[in-house]
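The structure appears below as structure tokens.
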Amino acid sequence: MKKLTFKSENIAKLYNRRIILENISFSLSDGTAFAITGKNGSGKSTLVKILCGVLSPTRGSVEFSVGGAIVPYPDYYPHIGLVSPYLNMYEEFTAEENLSFIAKVRSLEREWQERSNMLLKEFGIYDHRKKEVRYYSSGMKQRLKYCAALLHQPSLLVLDEPSSNLDSYGIDAVRKFMVLQKQNGILMFATNDAEDLQFADRVYSIEIGNH
Amino acid sequence: MKKLTFKSENIAKLYNRRIILENISFSLSDGTAFAITGKNGSGKSTLVKILCGVLSPTRGSVEFSVGGAIVPYPDYYPHIGLVSPYLNMYEEFTAEENLSFIAKVRSLEREWQERSNMLLKEFGIYDHRKKEVRYYSSGMKQRLKYCAALLHQPSLLVLDEPSSNLDSYGIDAVRKFMVLQKQNGILMFATNDAEDLQFADRVYSIEIGNH
Amino acid sequence: MMIISTSYHIFVKEFVSEFRTRYALNALLMFVVTTLSIILFSIGQESPSIDVLSGTLWIVIFFSAMSGLSRTFVAEEERGTSLTLRLLVNASSVYIGKLVYNFALILVLSVIIAVSYVLFITEFTVKTFEIFWLTILLGSAGLASASTILAAIIAKANTKGTLFPVLAFPILLPLLLTCINATKLATEGAFLVEAVKEFQILISFTVVMIATSFLVFDFVWKD
Amino acid sequence: MMIISTSYHIFVKEFVSEFRTRYALNALLMFVVTTLSIILFSIGQESPSIDVLSGTLWIVIFFSAMSGLSRTFVAEEERGTSLTLRLLVNASSVYIGKLVYNFALILVLSVIIAVSYVLFITEFTVKTFEIFWLTILLGSAGLASASTILAAIIAKANTKGTLFPVLAFPILLPLLLTCINATKLATEGAFLVEAVKEFQILISFTVVMIATSFLVFDFVWKD
Amino acid sequence: MKTWLKIAVSVWLTGIIIAGIAFPMVKVPQTWYEFPFIPGLEEKARNIIFHVPISWATVVAFAMSMIYGIIYLRKKDIDYDLRSVSSASLGLLLCILATVTGAIWAKFNWGSFWNWDPRQTSIFILLLIYGAYFVLRSAIDEEERRATLSSVYSIIAGVTVPFFIFVMPRIMSGLHPGSLGDEQGKGPVLEFKMAPNMLMVFFASLIGFTVLYFWMYSLKVRQMRIERHVQQITETH
């Protein structure tokens, strides 16, 4: 496995001149589980979006390197898997079609089909794979998001509110993949849940408070 | 305080001939905290919508009576407060405007203004009351939903996933109002969270399993 | 009465929401300007007949109305506020509030369109202004009455994949054709009494449409 | 090449999604059918000039395109799938996939409009069919090229519906005027070579528009 | 801008306005301040001194707006967006003035205020484009996003302008100098048919209005910076 590092330097984000995040710097390497915590409205989700490169920071930068070589901005998307309340699946497609779209667009190897089935089973929605996502319950949607994020075996897995909407079976499945991810790459998650925090090696707490 | 009873009789719900709920009957009176639990996709949210009268059941009926007199279908809306992931506030309005719209449409008495401010403070979003809801974080939105549901002091408070998106301060506030509701009326909630379940006097578990 | 007050608050909500997205209103105005100039361009140097001009007037009103009105219910559905609203007020108030709002919007819009039409398109000479303005008024009412219930249906229909035009077309066409006819009468200098037939059609269309919508709205509104 | 394959998958996704929801198709058909019948009705007994008819043909195509294409990006934004897509593929593939899809949609649409125009409006006689169909083809390409990037812009704005034609019209005007001119040539029975200049304008408009969009799309797509 | 420059511009433009309005136009000029008739325009030709420079300043303003838009996209510094809007709003103002002076001229020269002459058409489209530009801006309330999207729109609109130059003369014949229907070909200014004294006033006016534009522009930018700053202060308190 190649050595990974993920660095964030002096990230700041302003919305309409209001400071949401300021001076956020850290550096992670593989085998780390990094948790971001903070009160409601402290900026966790904003930070997660910036770290994944889907929102541009007002200042600062994110640097991702694989095996010593820096991977520039749009190229690091293939290394990232994201689960977030702000990220939805296509509701008019079935779970299977969603995963197959993702696999094709990401140009995954042939074996994605097996992996997809394995993930659907692990997350207990295999029996619903031919149902359109708009008929899913909130927990089933959350489970599908995990399948989608893990399909390409990302080196960096980013989770925003990992256990929301899930029942205990769902949480167990998530925990299992969190542990696996920590062994094979970098895990990063934003949470308010004390139990989730126990999975972290390092915890970053956003403290600017309610803006 | 008037005596309240809430009865559900033989409720069944089918979606496209697929049975989601079947034979659900129970009867509650004031001072009860009633929890609905079950795996993801077991039909909790569907049941909650039916009980609140915003979704019609395939079979069965809901009966709500205040002080012995039965309140027929559209008239019992004023007695219900609902918090659910399927219910959103108007994003282009501020928190204050949302609450004032609700108060006006519900024809609440003058004092709603004080109650609204009290709730906003209790749920820690008073400082954000003049911010448009679309700029709210997920937890702040959830807090606002509580303010909206509690504004008219409903006799029946229904919560779907009560603690989702909330941090520990938020959860404390919610718990406080759950206890209060139990003293002043009926509390009903659908959850997967073991801690939430401790607040229930009665637990109803939907068991048909994954359909 | 309770229902009037709640309908009024729904109306106010729609109105403020439109203003908040202040954009919508000025975008709508700019839209009217744009559409009119398209017509001016296509007319160019020549002078088309009054018939064609009356036709285009109502096409413009129709398009502006549809692009503004179709969102009234879709927006509630897409943003997940329809559940909120359903729990807050009875269906009738929602219907009345939205209907009145739609009527107000469409009336303002078609008056703006009509005024600029009369001012800028010199070939379009209205001789009987009573007929013309009454047509605009009643036509707007008719369009609002039909499009409110249609908008409620679309809001639910997009998931079901029904072909909406099949629903809308036979409903809207008689209305538009009558309006065009009445407009022609106005440009030909007919007396007010000569257009009574048209007005009767427009009024009964509106009344029938509102009454029917009122009866069926509850089914559309409740999931 | 990688980018071609991903663009292709985006295209297929759009296509299947439209087929499932029929959202754009509904809106489009409604506008086309209603507008065409109003035009037919208002023409009535008289025979308007070819100039006016060519003008209205392109107005109908323009408005139908406007009501159908605006959803391509708005739908992603409103359903919260734009974040998913942004994380999955590079911006260029998204642009190309959507562009090709829009082109296909608008081409089908304008062919439908054109065929019914030729069939039902007897005054509209096309003499040089090569010019006519080439204009429809190139005109659709031009419309798709400009409206794809504009649809991406309005998806990020707070008001969507009415904004689209307002932004699009001034940009599409040179295209529309050229199309109208070429259509006139086709009805006058000009030789194919006489319309070469028009085709050059249409092609270069499309090429310039796509090239520019390609350069700026990333700014629009990334928040 | 330096104070002396402001005074100079004021004096300069006052002189031009006096000259433009008060200097008599005669068939055969006798003194240095008398302008000769231009065939076809007669004394109405004095409008050249106002209409043409204003039209020119409009073009400059819109071009500046687009250029600052492009710089914004590269640098992502909100100040460039302020400059871009400032210039666009002045451009819109000047554009309206050019339309009005042009329309008045047209009324007396061609008989009607408006007749879809190619130049009138193109100025009308400019009005539509920038009308749309400001509607778009009002529809976005997040500063950075507003700046980005409106810059992109002005670029997209900018590339269509050359097409108008090609397309317009093919579509419609016009009365405006330089268009299809104009038998003499170029009009008086382009051919420099003006008398030397008038030409001097004309160029002086061209320079005067251009400098005036830059003055107004710098004022507008400063005003917008201050507004933004005040807003920032009131929001954080």
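Should a chain be cited, it is by its letter among A, B, C, D and E, assigned in written order, with residues numbered from 1 in that chain.
The definition used in the following text is that contacts are C-beta pairs under 8 Å (C-beta built on N, C-alpha and C of every residue); 3 or more make two chains touch, one makes a residue touch a chain.
Because the structure is a prediction, the values reported are computed rather than measured.
**Student:** Can you list every chain in contact with both chain C and chain D?
**Tutor:** Shared contacts of chain C and chain D: E.
**Student:** What chain is the most remote from chain B, judged by the mean position of CA atoms in each chain?
**Tutor:** E
**Student:** For which pair of chains is the number of C-beta contacts greatest?
**Tutor:** Result of the pairwise contact count: C-D comes out on top.
**Student:** Farthest from chain A by Cα centre, which chain is it? Let me know.
**Tutor:** If we average the C-alpha coordinates per chain, E ends up farthest from chain A.
**Student:** How big is the gap, in whole Å, between where the Cα atoms of chain A centre and where those of chain E centre?
**Tutor:** The answer is 52 Å.
**Student:** So how far apart, in whole Å, are chain A and chain C when each is placed at the average of its C-alpha atoms?
**Tutor:** Their C-alpha centroids are separated by 46 Å.
**Student:** CA centre of chain C versus CA centre of chain E: separation in Å?
**Tutor:** 39
**Student:** Could you say which residues in chain D touch two or more other chains, in rising order?
**Tutor:** Correct list: 20-21, 79, 157-159, 163, 166, 169-170, 173, 177, 223.
**Student:** Identify all positions of chain B at which a residue touches two or more other chains, and write them in rising order.
**Tutor:** 92
**Student:** Which chain E residues sit where two or more other chains touch them?
**Tutor:** Within chain E, the residues that touch at least two other chains are 128, 131-132, 135, 139, 141.
**Student:** By the touch definition up top, name every chain pair that qualifies.
**Tutor:** Result for touching pairs of chains: A-B, A-D, A-E, B-C, C-D, C-E, D-E.
**Student:** For the complex, give me every residue of chain B touching chain C.
**Tutor:** 49, 52, 54-56, 74, 77, 80, 82, 84, 86-93, 97, 101-102, 104-107, 148
**Student:** Once bound in the complex, which stretches of chain D touch chain C?
**Tutor:** 20-23, 25-27, 29-31, 33-35, 37-39, 41-44, 46, 48-49, 51-52, 55-56, 58-59, 62-63, 67, 78-79, 157-159, 161-163, 165-166, 169-170, 173, 177, 180
**Student:** Note which residues of chain C are touching chain E in the complex, please.
**Tutor:** The touching residues are 21-23, 26-27, 30, 33-34, 37, 40-41, 44-45.
**Student:** Which of the residues in chain B come into contact with chain A in the complex?
**Tutor:** 15, 38-41, 43-45, 85, 124, 127-128, 135-140, 142-143, 161, 164-170, 192, 194, 210
**Student:** Can you check the complex and tell me which residues of chain A touch chain E?
**Tutor:** 15-18, 58
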